[in-house]
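My questions all concern the structure below.
Order of writing sets the labels: A, B, C and D. Residues in every chain begin at 1.
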């Protein structure tokens, strides 16, 4: 059911020009001006290629500081799928299975990239509740595997998404519980943190607390959805795996020659808490929107909107009025296929760092 | 639940010597003497290697006759997993997903071989009922995929197992229905016929009726579980795919140099209906055993035993008595983990062509 | 021999700060200011993600105009290895072999990425002369393959590099000859155009003449080495292959969500002939440097420096003086391993669009 | 040149019925009657599947005895390509390169299977002399690689073929030298022993001396070309790699369910020195043939025929007479393409265990 809901996200986008009332995604917004400034500053003279430059060295230091992890292996890539796939491949043999939720981005939205980079590993799906994997559901799924000796796949890493794909956040106890299950079986834990900052400011904890202190072994530390052009940091807390990641990144054509331009963005992102400010702005915009949606007649939120994503059901008439007025957001499967007028329509709303109260209020006024 | 039940099949085999009362698997029995005779006859002088010999040519002709398919592409391999994986890979791109039941052998028991041979395709699981995929469940699963454009996998082939992994058989109307769903989406259909003969004699139809006349595009035509040493025919009804299969077979190290010894077995198998006689013997032994189990106090069959496999629940005391007397069969997950005495224990019984009434009756007497 | 010479390029870089006299690579220079301006202009409001934006549509149109190819499939990626590997994989089965020169970047410098993306295809090496594949050497190599039926690899695409890895350029007759050999066997032709612009301005022909009019089927059209941050256009002239490329790009984690920032760079690159101006500047700087090197006592050029790369042999004393003065360039294998003082040392010099006469002249004065 | 010669082996087989004077290959001969007897003996009652049977346990013990290697990991597969590819994959990462001769079977005759099973590793070719890799040529080739840090492939295993593809044998000093080079770089060594027995009886050493005592880490121990139906033992002397091999074998669809029939063959092969007797018979037949060829007017041997393979050049008239009389052997590239009458024609002759003096003498009489 959850599967079905999310399935059509990308398909059902209503075509048209970009609207002022734009809640379609956080990868459609602009880059923060400070990021562009950083690119300009980085654009002086020559710099060694392939990550052997001063800015890249500085990023590594800075990420280690931010995560209180002086030996963490830090590697930049340009897409979230690259970070996820390369991290997972580094921790999976091709005869293993990766455990993730049934709505995980790595399963639903990466066109078999984890399978490709791992050389053909399998994904074992855990039924999600409110976007998160219930610890006992994860445990049950893990127990099913590797009971068939050589016949079925061996147990591989557990991957969880924080913020989840439906906008909820693993609260700290839930995070400890789900990681704890993985640890009971000795499995490495991956966090798909495409919206890492949005979860962090929601929880009010430190990056270390949300990751290695909780038992997470590797993180896709997202920047692209939170104001960068296209930069993610793949972080591995166990130093011995760093070299393999480098081989895999290069072989996957994901090592940039002019690496300084990735580094400059990530450095500026982490400077003066810019990343946290942007995440707070996105979450606040989402909160404002959620309050408005909650108050609107006939509108029901489907999940608790912890961060910058809202799923809601709207009356069809309301939806038509919004779309005609130029609002943009994603619908999902079946939502437009001539369902009965009395059935509400489900939609996803996402706010990015650049969202303005003005836009939100215009939208809410229409409601 | 079904998943859980089958999961432990291989693990929970009770160790020990091979018993007279042996119902553990149909790949543990002997080869039919006529097959050994055929090997001896084939063992004269020189024969061209790699399938370029007279026996291989004869097998191709014979399989085409048996299937009334004069243009079918016929290739021999030595394992069922090779037949399944190579056939599926020939009909799947790495960015597609293969639809199969949640207890499919290709998913549960082939250690990611389909993923390996296809270059990283995904398997999408359809909840099974009595071992078969309900047409509407298959339709719902197919509809979920390829609604996300480039983000999620495209739709690939549908694979069904006949006899199913729990011993049931797709009846002809059910077969037409499930294949019909695949055809509605233009998807190729694969039949994992590791126990093809057992299904055929149950249904009393022709090989053509159970395959291409019903819309099946490719078959793993099993011999190993039905009296051969290790030979399966991979059959593709659409001739244009044959060459790609050959490339994939060779690259997968599955092209035998002394190919005549595979061909000799398959020829003898198809001669004088030996394959059907063996399947009838296995099914009949299974029927006798099932009748006995049904009549035993406290024993319940879990699925309708259409062919040569029975799943049943036994009282724990009964099970202990049987095991102590030397019977062999597979238990499954949790069955031995100190469950409460009053809970029955689940077991799988398989009969092969060599099963004797004497053995069965000894076993039933113990019950 | 050629193999040996290039082998150590990356290893033997002499460490140290970036010097004013910097000739190490064209991927170490800055981005052209107009490119940064274009990024700033593109950074307004929302834009659809994943290439579904107005700038990406404009890039496709513009590349088609530049190449006089109204149906060409144009896809942007961020690295040259991605462009090469994805294009080749789209035109190669895993049981084929790709023909390329023994010093091809795809063979020497991409850490098996073509093998990875193609699913395990092989590369067959053609001995190069002056960096190019002599047509008869290519023909001989092609004739060797696919003579073993299923046993050896089938013939796959031919890949040539223009500008070559040693700085020479296929002149138009040589290009026609080598492509002609591929066409004699019906093989598709790939051009690794990481330095496409540098070759084009050298030859003074049109993009169409250097590609599809000469029989080239697909081009890695480089921007990164010529003033962009990290953008290459993968161009396929035969429209039917475009969709497969898109699947492979997404599955390879090379589809950018904020795609407008790739598009903005490539658009600015092709505007007002900026790309040709930058290439002309790099080639001219190289010409000035080559003239100076030729005139220097004891220095010998190893190849004809047609574009922006020079290979030369220097007396060891000369080399030490240059390095001590802060010049940077690559040496190669054995060059520093305590060879005899009287043996010259081999070095590679590369100029990018930002090279200045002042730097060059300082360097030449030291000579 | 060597490359060219061997290239066409498979293509240029002259079609036709199997002749009495048959020297085409050692995979076209019959299976030794003792092997068939062993299969019959093994065909009693039930045996556990997938290698968990008594015969398989006995084979492991017996191979360990024969190799004086009590901890060796022994796994049976059905094809030489499977043994080679799985052993190499177990010792290679996808970003490495495997070193082998330019005429190695793994390069020339396995349709990219090593690339497939290793996930895309590369093969680096060492120019062969008389079929063997000269130690210094191997050293030079190894030194070329891994000098480019992340850009070029890392160094992987060294694979040598004993008997070589042209019928020569690494003499013990040569074997020590070439393995020594691999060990200088810390690289694992693989022996493709498709004709292991033929080399062993030629050298008169023990299996241990020809393998682990010389530094070889893993062996494809061939049986198929020496009288078995289709069985090879993959032997790994370092015990820790055995489990990974098992995963790879199963995932590659190379784990037989009715494993006892592989085991029975290999056991009988190693009983009473049957394997050595067969190899001696094949080598002796080859020796007789070689003497005859040497003595024939206008015939020249191309390599020293150490084992059971001869390459020779014949006058075209001689060749025609032989073929017309029904002799079968392989020609190679260009040999039949209407070359000038005065040019000799090159051919390969192979003898298997079943070769008879009568056949050889008939053939020689024709000469």
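Here, a contact is a pair of C-beta atoms (placed from the backbone, for glycine too) under 8 Å apart; a residue touches a chain by one contact, two chains touch by 3 or more.
Heads up on the chains, UniProt names are A, B, C, D = L-threonine aldolase.
Here the structure is a predicted model, which is why all the values come from computation and not from measurement.
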Top of the farthest list for chain C (L-threonine aldolase), CA-centroid basis, is B
Copy-to-copy rotation (chain B (L-threonine aldolase) on chain C (L-threonine aldolase), CA atoms, range 0 to 180, rounded to a multiple of 5 degrees) logged as 180
For the pair chain A (L-threonine aldolase) and chain D (L-threonine aldolase), the C-alpha centroid-to-centroid distance in angstrom is 51
Distance in whole angstrom between the CA centres of chain A (L-threonine aldolase) and chain B (L-threonine aldolase) is 41
Whole-Å distance, C-alpha centre of chain A (L-threonine aldolase) to that of chain C (L-threonine aldolase), is 34
Multi-chain touching residues of chain D (L-threonine aldolase), meaning two or more other chains, are 94-95, 110-112, 116, 119-120, 150-151, 247, 250-251, 255
Contact graph of the chains (line, ring, star, complete, other): complete
The answer for chain C (L-threonine aldolase) against chain B (L-threonine aldolase) in the complex is residues 50, 93-95, 119-120, 150-151, 154, 246-248, 250-251, 255
Contacts from chain A (L-threonine aldolase) onto chain B (L-threonine aldolase) in the complex sit at residues 3-4, 7-11, 94-95, 97, 108-112, 115-116, 118-123, 144-145, 147-153, 333
Residue positions on chain B (L-threonine aldolase) within touch of chain D (L-threonine aldolase) in the complex are 13, 18-19, 22, 24-25, 27-31, 33, 36, 39-40, 43-49, 77-82, 85-86, 110-113, 116-117, 224-225, 229-230, 247, 250-258, 261, 328
